[in-house]
């Protein structure tokens, strides 16, 4: 292997790793706030990518009907769960969030999609269509589970993943889609040819991370989310409704997932069920990072990306074997550092 | 030998009766086939009950373990023309060996690291199967012979049914036996009571490995059945998705219950099959709504029954356990000579980051005395306990017991020296009855292996252990509560159960962490009497307590701690009068 | 009219009653204490009032029944609880902990928050010194101050304190009780749970004795402090039970 | 309703009775309409709707089940179709491993099956088990020979291979290695990628470094475009070959200008309009394309769906002969159907013309494949 191949592989790994990092961040966030391991995170990536791909080719994405359906389901679910308590203002807010919001997004899409409103609008639209699905799903599937065990929440997330994959096939079909890149620019740096899209991915990933950092460090809402993660009871005691924190965390997960999808669909083909493997990489990174540390997750994600790109060069048939076997010693090391075997308390 | 009650045997009877199902006239043939798939899945799910539901280790790799068993017998019977019956022991052996190897690394992982660990090796093995010429790569091996009995090939689904459900019966029976044995109590203590179990001599790492290998062997067994029914094998049934299916079955059925595994396997298999028929009638043949509807059903069921369905059908009620009071007593320790030095703690130290929780503590304990350890919260009393009993490792200093060095030894080693303890935050296993919890205390006094438990060869010994547990429960005055769920008792009583459990160890030294907390006056008096009697029998006692009245009337000597340091040491009256103690601990609120 | 009116409250854990038939009331601006032995159900009582535990019976705050309302709604209504375990945000700074106490008023803008913060720093100057430190690194006494400060940021009309002196050095315990007395002047009503019955009876106007889940004695503090049964059962021990 | 009784009620609802039977030919279909092979299974399922409802005066019913490309489910489906739906013949499934798992059941229950998957190993070498199995897609070795032949004729001496890390890619690696050796073509790189991979940069670097005259990409559907696009990015200038697995319009859409000039073997149906009128396949193929697009929209046709159509053509041809020996629903009928299918000669299908023999249950010859290239975003028949 010469230096140029080495550099290209690193570049490839870092670009993929950046996406894994975004997903890892949102998995860490969702787990910390709600104790849910969001197996279905990858679906938001796939839906985001496919929705953007449809918009970028002037089609009206089927995902808007999925959005509408989920909004309706969340409306009904919320009404049922809080049938004894929801009144006046709360009911109105609930209806605005679950009915009016999707209706507005659907209307905007129907108007804008055929008009080819430009990349920025299309990106925003794709993200807007997919993002609210996550909080709706939280309301439908997880909020009623309250204090269930992590295992039950995990299996619920698996069930959600199954249902969403099925819905993905219905709404997007079995074939893959690709979108034109945000820019066709190609930057030459020595042996490296860095496509404009890769710059976009790295740039937006970095921007998003900084944005998240600012959100968590500087705003009271962000701090409230962190507080919920650190101490749920403490958060409830200062008046943070943990269900709302869950909705917010899922909203961020949906947003990050959708954005990741939009970012990668110009680089690779996205399939209705393709998000799962991407999500699994994010999950891997999140856990190696300790399922609690944001910088740890990012670092682990980059590591996973690079490991993948190198093993696909060395022995592509055994890529997964290599990547996943390499994880085990890391896990062992982390596990021993975190004290052994005691999962209680 | 104790006879298991009818209450326990009825699920087995049901399975046995089920053996007749395929022979019911008019029974649709495909239903038998479905039940065959159910049976195979149920065996895997039973393994997951032990591993995940009871042992608390989530595995995403069960299907891959099935693959180990399946491929072994496939290779032997297809390529070497060996009888499928030889494939059974070979498959089990290979699975057990593989699982021991994988498990040796994996079960050391904790929590989510473990779950990801199982994903990692399962993905790794999957792609290894898919790229290995020996096992036919992605296309796999087909044309594998079916099972034969006396030259008769078991091709008919009803024949397979008999074999498969005999297998389910065996798996369920063996698992029930295992869980009811000495090793099984250790497995059941893993979730929620691992520290306590370790403090009574359970080797938790080995117990975790045992649960892992046991569940793997069941999966390997299922793999053997699968191959000779399916008669072909390729990597697709051993992937991540299938592993999730098995986990899902266990959780839906009720992950902590063997009948739950059967229920979950049956439900998932049946619902998936029925959906294929029902949905096209509802939505037309063009869509694929099965996974959508299945996922939604699953979510609905979990909201309705977060702990799975079986607990809704049968509420957890520990069965009444018949005690053989005449069982021969277990061998007892010889107590050290009264007044000899029993425990020496020298400059014991524990740092947590920058915080010094225990700061160079010294004290000694003489055989046959009661020593009280007092001080405000955070003074380091419980940490000191944990350092002595091996639950925590000291940063410095020495712990010597009967002349031997105990510093930094693991909890089970400390227990083996005859040191038993109770916990400030009660650590009883909620899913076990009071007497089963107490019997864990006698773990080191029994020797039956897991295999003996599985085959029920341990009954004589187990009867002795339970007789001992019953005796100790009676001693602390809780004989009536023996068969109640442990956590149904009031907190104060649970502390007393912990004392009974500690006594089951036949301890030389008893460490009690706030034993009187939550007790009423008369109960405290009874506890005092019990502890004095124990002292008179030669047991040495070290106790942490807040209740000064209780302590003052009981102990021979007091050690006062504050901010991790020893403030005073001496007879109660002298300590009470010590101005430093009054200033820092007893205080005087105006 | 009382600020908090509890009638026939009962809480059970898995079918086993922890408290039963408890009725008590707290008037605005009053300090009321509930004393009793460990395990009598005192913490359960506060958790039920705050909505952390489901309970039967009625809890009325400011004349309105609370029903099944969520903890956050009770905070919104003006109730705050400082739990026995403090429940601080250990990996966040002291100041962030306090700011989060202001969550109820998050719409009121930065100036209002800074003003509230200044008041708390006045009450607990120690917290100001430690403002940038992580809450997890504080000593026991400082944690209790922070927990109280965080609760006070929400400007509650009823402050519930669960064993504020538990496991603290006597000097700190004195400070805490001084603070409680000082708070009386701000008009906040306090429901105080204490094992340190002597100190509690000294600061409280009114007291209830809770034993094995039931109220066994009630009366104004001075009377109870002189009651021989109380003296024998609680005050005799209070000196040493610190 | 209590939870317990609700559970019981659910059990009753699910315990529905088996369907009643009439005197008709029952066709059981199991295909992969979900999962990794959905891009094959979905057009196949859509094609089932176009199949004849009556053959030789007999009613024909179709029951379609999805197996998600999982061999356990495929076998379970097959048993369900045979035991519950009393199927006389099974069509399916879309993938090779699952088809291989099904052949035991066919032999054991003596129900003939027509596989819709690629590998010749499903029907070769012929034995007592595979007697019951037929296969309508072209054998992968036929296609591999075509590619190797085209390469040799174009002066290609070295080839880089990159295929799916699954049965499809594996089968191609095996068949192409054999075909290439026969033409003295050297395979200088052999790489794998997964269908869901987001990047194949590592593999492509390896391919480019080996400097082959041509690259063969063995993947199905849109995922096969990724290596080609990446090769383009890395400025690989040699020839590009794909397999017939990519023969649908989605591949053209995703591949865009990067797949221009790609050469692949395909069933004649892919370029049916360009076939000479003298070719008997043309009419059949156009008939299918027209019917399919009428039902599913213009441009929606994929060659994979036509395999299901071809299975019905084979069935239609064989039924009259079988009816003479037994009534539908009887073991005699099923055995006769098998015999009759094996005896079929010159059956014109959308993908080729089949001549079945006892040894060859596919029966296609070189007329079943054409060489195609991509020009101006459309498939173009090569002479």
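As written, the chains take the letters A, B, C and D, and residue 1 is the first residue of each chain.
We take it that a contact is a pair of C-beta atoms (placed from the backbone, for glycine too) under 8 Å apart; a residue touches a chain by one contact, two chains touch by 3 or more.
Quantities reported herein were computed from a predicted structural model and do not represent experimental measurements.
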Seminar exercise, completed: The chain whose C-alpha centroid lies farthest from that of chain D is chain C
Problem set entry | Chain pair with more C-beta contacts, A-D versus B-C | A-D
Problem set entry | Geometric centre distance via CA averages, chain C-chain B, whole Å | 39
Problem set entry | Distance from chain D to chain C - Cα centre to Cα centre, in angstrom | 72
For this session: List the centre-to-centre spacing of chain A and chain D in whole Å, with centres computed as mean CA coordinates.
Result: 35
Exercise. Where the centres are mean C-alpha positions, what is the separation of chain B from chain D, in Å?
Worked result: 50
For this session: Would you give the residues of chain D that are in contact with at least 2 other chains, written as numbers and ranges?
Result: 34, 38, 165, 192
For this session: Would you mind listing the residues of chain B that make contact with two or more other chains?
Result: 127, 131, 288, 290-291
Seminar exercise, completed: The residues of chain A that touch chain C in their complex are 84-85, 220-221, 223-224, 226-227, 230-231, 233-241
Exercise. Mind pulling up the chain D residues that touch chain A in the complex?
Worked result: 34-36, 38-39, 41-42, 162, 165, 191-203, 205-206, 209, 221-223, 225-226, 233, 248, 250, 253-254, 256
Seminar exercise, completed: Contacts from chain B onto chain C in the complex sit at residues 354, 376-378, 487-488, 490-492, 517-520, 546-549, 562, 583-590
Problem set entry | chain B partner contacts - residues on chain D that touch it in the complex | 3-4, 7, 14, 16, 18, 33-34, 38, 45-46, 48-49, 64-66, 69-72, 75-77, 79-80, 83-84, 96-98, 100-101, 103-104, 108, 119, 121, 129, 165-167, 170-171, 192
Exercise. Which residues, counting only chain B, touch chain A once they are in their complex?
Worked result: 52, 56, 58, 105-117, 119-121, 123-124, 126-128, 131, 191-195, 204-205, 208, 244, 247-248, 251-252, 255, 287-296, 298-299, 302-303, 306-307
